[in-house]
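Everything on this sheet refers to the single structure shown next.
Letters A, B, C and D mark the chains in the order given here, with residues in each chain numbered from 1 onward.
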Amino acid sequence: MKRQVPLALCFLFGIVMILTQFVPHKYVQALYKEFIDWGLIISPFALVLAVITLIQTHTTRVRRRTEHWQYSFLVFAGMIIMVCVGVPFGEQDSVFVWLYDNVQVPMDATMFSLLAFFIASAAFRAFRARSFEATLLLVTAMIVMLGNIPIGDLVWNKVMSWTPWADGASGARQWILDVLNSAARRGIILGVSLGVISQSIRIILGIERSYLGGGD
Amino acid sequence: MLERFMNMDRRIIFILIALVVIIPTLIPIRLPITVSEPTQKLYDYIDTLPSGSTIMIAFDYGPSSLAEPEPMAKAVMQHCFSKGVKVIGMTLYANTPTLAHKLMRRIAAENKAVYGEDYIFLGYRPGALQVILGMGTNIANVFETDYEKTPITEIPMMQNITNYDQIALLLDLAAGSTTGAWIVYANTRYGLKIAAGVTAVIIAQMYPYLQTGQLIGLMPGYLGAAEYEKLLNVAGGDGTVGLNTASYAHLLIIGLVLLGNIAFFVHRRKEA
Amino acid sequence: MIEIIGIWVAAFLTLCIYSFLYRDNPFYRFAEHLFVGISVGYGIVIAMHQGIIPLAWVPLSEAMSALWTVITGQATPETINALWGLVKIIPIAIGLLFFARLSPRHTWLIRYPIAILIGFGAGIAIPNELQANIFAQTRGTIAPFAAINAGTLSAWDIFGTILIVIGVICTLIYFFFSMEHRGAISWLSKVGIAFLMVGFGAAFGNTVMGRLALMIHRVGFLIKDWLGTIF
Amino acid sequence: MIKTTQWVAICLVLCLSVSTAFSQESAAPSNVTAVDTPNDDGSSITIKWDAAAEDTGISGYQILRRIADGDLEEIGGLLPAETTNYVDSSIQQGTAYTYIVRAVTEAEATVDSEQTAPVKGTGEWFHTGKTPLFVAMLLFSAAIVWNIYNARSGKEIFVRRIPGLEAVDEALGRATEMGRSILYVLGLGGVDNVATIASMTILGQVARRTADYETPLRVPCNEPVVLNVVREVVKTSYLDEGRPDAYNEENIFFLTGDQFAYAAGVDGMMIREKPAAIFLQGTFAAESLLMAETGNSIGAIQIAGTDSEHQLPFFIAACDYTLIGEELYAASAYLSREPMLLGSLKGQDWGKILIFLTIVLGVVLELFGVNWITTLLQRVS
């Protein structure tokens, strides 16, 4: 009951999902659509549980007065406001949309834009010609960056016009992306896919069962 | 000294990046731009459209990638309104309607264009493929109403428009793989002319379409917007500013990396 | 007015987040915790209105009313069809098993939904990975050689095509695990690493523009939209 | 059974009589056939005809269909003159249809083809176009299972050195020495994402070591189901090491499901708790560098690993060690030395050899103009 049934369920659902890819018959396809919906129905229940643990975490912080405990109220406030507006009135409600547009979206966008700073500091620190490999990383990154700006072409055509790329740095960039980058990416993708498939086979056959945890 | 430079506090780099982005935004310092052929072609195509024709713009990007397509939309719409060309906006992205609607409203206000007569925004309908195919037979079948909930049949500028046959061009402002779908389903199937304005990250994917002529024009990222603004004679447009700023920032990063390496080599020689 | 308040709120939060670049501070902590709370709330609302309600609640309630028509003998083919909605009881019941976590004695019951979801993912992954990645990428590596046979490629393009094959094979060799990397294998896997590094450099360099664009847009918002409301 | 054959016979007779009734004209579409579309769910019928000769002046085709003796109905609108097939997907399953292809000439005149034999749409139980895929799947599964079986019977299996993993003990040791915590991030993937499962297996191994060292292991999750599994996995590791007392459930918690809010929260944790070692293992998107660069700024030892190839450059730049792509999957085998994992690793290598041979053979064949390998690998939907 505790181990065998979950493993059997895992096997059953796995095999059915594989078969749906090979059987075009409408009954099987209907089953496939139904199962996809099931997945979408099952997951939100876990969210409720997760939110309970989030609330527990922050109530503990408040109760124990750990450092910065006051901020936990902000987590509660944000969550309660969104839920109180969004759950009864739906995600199209104007107040909900206002909150989303003026609170969540700007913070999302700003966090994302921090990458402009981080990409610069990471480049400065990591792009040192310490070894042959590091030099390759450095040189291609520089060429591709030059190829992305118009000045790059001007500079390139002055200094590097002997290279086989006719239209300057942007030509070199394009060639690097099309040939060298895509070769490396293909190698990675092929390896990763083999890893994914073998892990999936182990899961379906019940060989990999660490996700069940211990005990009986 | 060298060592201190090589291991400098990253906050110095942050400040430099901030300066290099903020200063050109405030004081535009123009870098030379030559207009590339794909942008020129798009400009020429719109420029020769008779007044009263209609183009469609698909805002196919999400909130996280709007920086590059927005200046393009602005430049092209400005061009259209000045030529008396009408614009229909729509999107294949579920969370873009509010954003695109606001943008169109703002650009229209700047150009004194009237909603319903010079432009409309249709909004979003689920199922990208069905939307593209459906509009080929009848736009009103897919969008019974526009984004502002007015029935299509009651909108003045839509009176003579039923499907792609009355639309001179589709401009896909894309951050993902939508352009391919427009080409396969709207161009190949219904003969709709397609042009694209895309973010820098996906430019590489667009060249094949350009070579086969399936795209009649292409604006590559900030560069495309800046080139279009140059053709329109707009000084200090968002695209130009964006391109300049991005260029300076690229040069800054390249410069820092070069200096870092020089310091590294000098330091290593000293050690040895 | 409401729009201007929105701009000020957004600008304040933007600056709060940027303050992190200097160091941790009360403003960042304020934005961070608010962000976590708001985003969790948003997630709950979306899970309700785009998940549970349309996928489970609507079909189930329709099935219930259909069941009533059957009981009262007013069933039509349409209502009988709607009875299929009753099937949704199964995933709802499975989902409810997650709450077994709250009772230490029944914790093991959450293995049921988890096993189903994991089996699901693994089952979908096998044929898809095989087709979309392994088949497609292998084919993509071979296919250009047809053009070489047809004689439509320039010498430079032929060079590129061959380079791709070398790159793919050497990268794959780098990923050989059950073999010691000695002799020829070691040499080839080093070529593989070189390809990887060049590929990473190119991807890094190509991403810079996109990230800068995000920041330029954010700075544009602060300078034009926000400062615009003052000056 | 008899009924059907009778019915078909009647229809055939009907068809023949109808077709003889039509006068044969040169512009009439010839060789019109209607067949159940192969490898579909039974929702369509494919109609094919021969292309018209160049000078017949045909400007397009219309497709007409009828159910049994019903009226002819026009479907799909006017097709361009160069079309030679049409897929009718507006059919009722189980109903037999007959079709006529009508050629429309430039002078707006119409010429009808012969009527086709009646045909029904039926769903197939196996997609024949996917046979290569199916065979490849079986072969690869067999290779994996065979190697696992072999490994279990006690054969020694070699695994090459994975530098990032040799640093795990060093990182954990340093955290213990400094009395600081360890931060483990599993990325954005859900439990249906295989990289996340691989990351959990590595986490299980890390937890075994932290249980011994009594170093706090902090795991902020961003996916609710993952949270539940992770708690089980870590608890099991502590139990196995005989240290259930050291397990603290509060250290494994839900942060938020939003990508950037999660990054904001993790960054906050990093900068306030200053963990000595940070693991970033799983599926990542743009937030990868947000976390890796902040982790770097606090001087933590960072070991990253991901199958998201777009994020690898950023991990390489900002982390001390990075598991590249498949190395993430090899990591659990490497750390645990469990025969079943080592065996499947060897199976994966067999897969690589197969791909390697396919590429070489494919390239050679293509150079000689033989393209059956590319045809086999073609995408079918």
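Assume contacts are C-beta pairs under 8 Å (C-beta built on N, C-alpha and C of every residue); 3 or more make two chains touch, one makes a residue touch a chain.
Computed from a predicted model, the values in this text were never measured in an experiment.
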item	value
Required steps from chain A to chain D (each step between touching chains, minimum)	1
Dominant interface by contact count, named by its two chains	A-C
Chain separated most widely from chain D, comparing mean CA positions	B
Between chain D and chain C, distance of the C-alpha-averaged centres to the nearest whole Å	13
Chain centre separation in whole Å, for chain C relative to chain B (CA means)	24
Chain centre separation (chain A, chain C; CA means) in Å	5
Of all residues in chain C, the ones touching two or more other chains	17, 20-21, 29, 31-32, 35-36, 38-40, 42-43, 98, 101, 113-114, 117-118, 120-122, 124-127, 130, 134, 138, 141, 165, 168-169, 172, 175, 196, 200-201, 203-204, 206-209, 212, 214-215, 217
Residue numbers of chain B (touch at least two other chains)	10, 14, 17, 21, 64, 200, 246, 249-250, 253
Multi-chain contact residues (two or more partners), chain A	18, 21-22, 39, 43, 46-49, 51, 54, 68, 101, 104-105, 107-109, 111-112, 114-117, 119, 121, 123, 125, 127, 137-138, 141-142, 145, 148-149, 177-178, 185, 188-192, 194, 196-197, 199-201, 203, 211-213, 215
Of chain B, residues touching chain A in the complex	6, 10, 13-14, 16-18, 21, 31-34, 63-64, 98, 200, 204, 207, 223, 243, 246-247, 249-254, 256-257, 260-261, 264-265
Residues of chain D that touch chain A when the two form their complex	39-43, 93, 123-127, 130, 133-134, 137, 140-141, 144-145, 148, 190-192, 194-195, 197-198, 200-201, 204, 221, 224-225, 227-229, 232-233, 235-236, 239-240, 250, 253-261, 263-264, 272, 286-287, 289-290, 292-294, 296, 307, 309, 312-314, 316-318, 324-326, 328-330, 340-341, 344-345, 347-348, 351-352, 355
Chain A to chain D touching residues, read off their complex	18, 21-27, 29, 39, 43, 46-51, 53-54, 56-57, 60, 67-68, 104, 107-108, 111-112, 114-115, 118-119, 121-123, 125-127, 137, 185, 188-192, 194-203, 205, 207-208, 210-215
Contacting residues of chain D [partner chain C, same complex]	130, 132-133, 136-137, 140, 157-160, 190-194, 197, 225, 228-229, 255-258, 260-261, 264-265, 267-268, 271-272, 309-310, 312-314, 316-317, 324-327, 330, 333, 342, 345-346, 348-349, 352, 355-356, 358-360, 362-363, 366-369, 371, 373-374, 377-379
Chain C to chain D touching residues, read off their complex	17, 20, 23-24, 28-29, 31-32, 35-36, 38-40, 42-43, 98, 101, 110, 113-114, 117-118, 120-122, 124-127, 130-132, 134-136, 138-139, 141-143, 145-146, 148-149, 165, 168-169, 172-173, 175-181, 196, 200-201, 203-204, 207
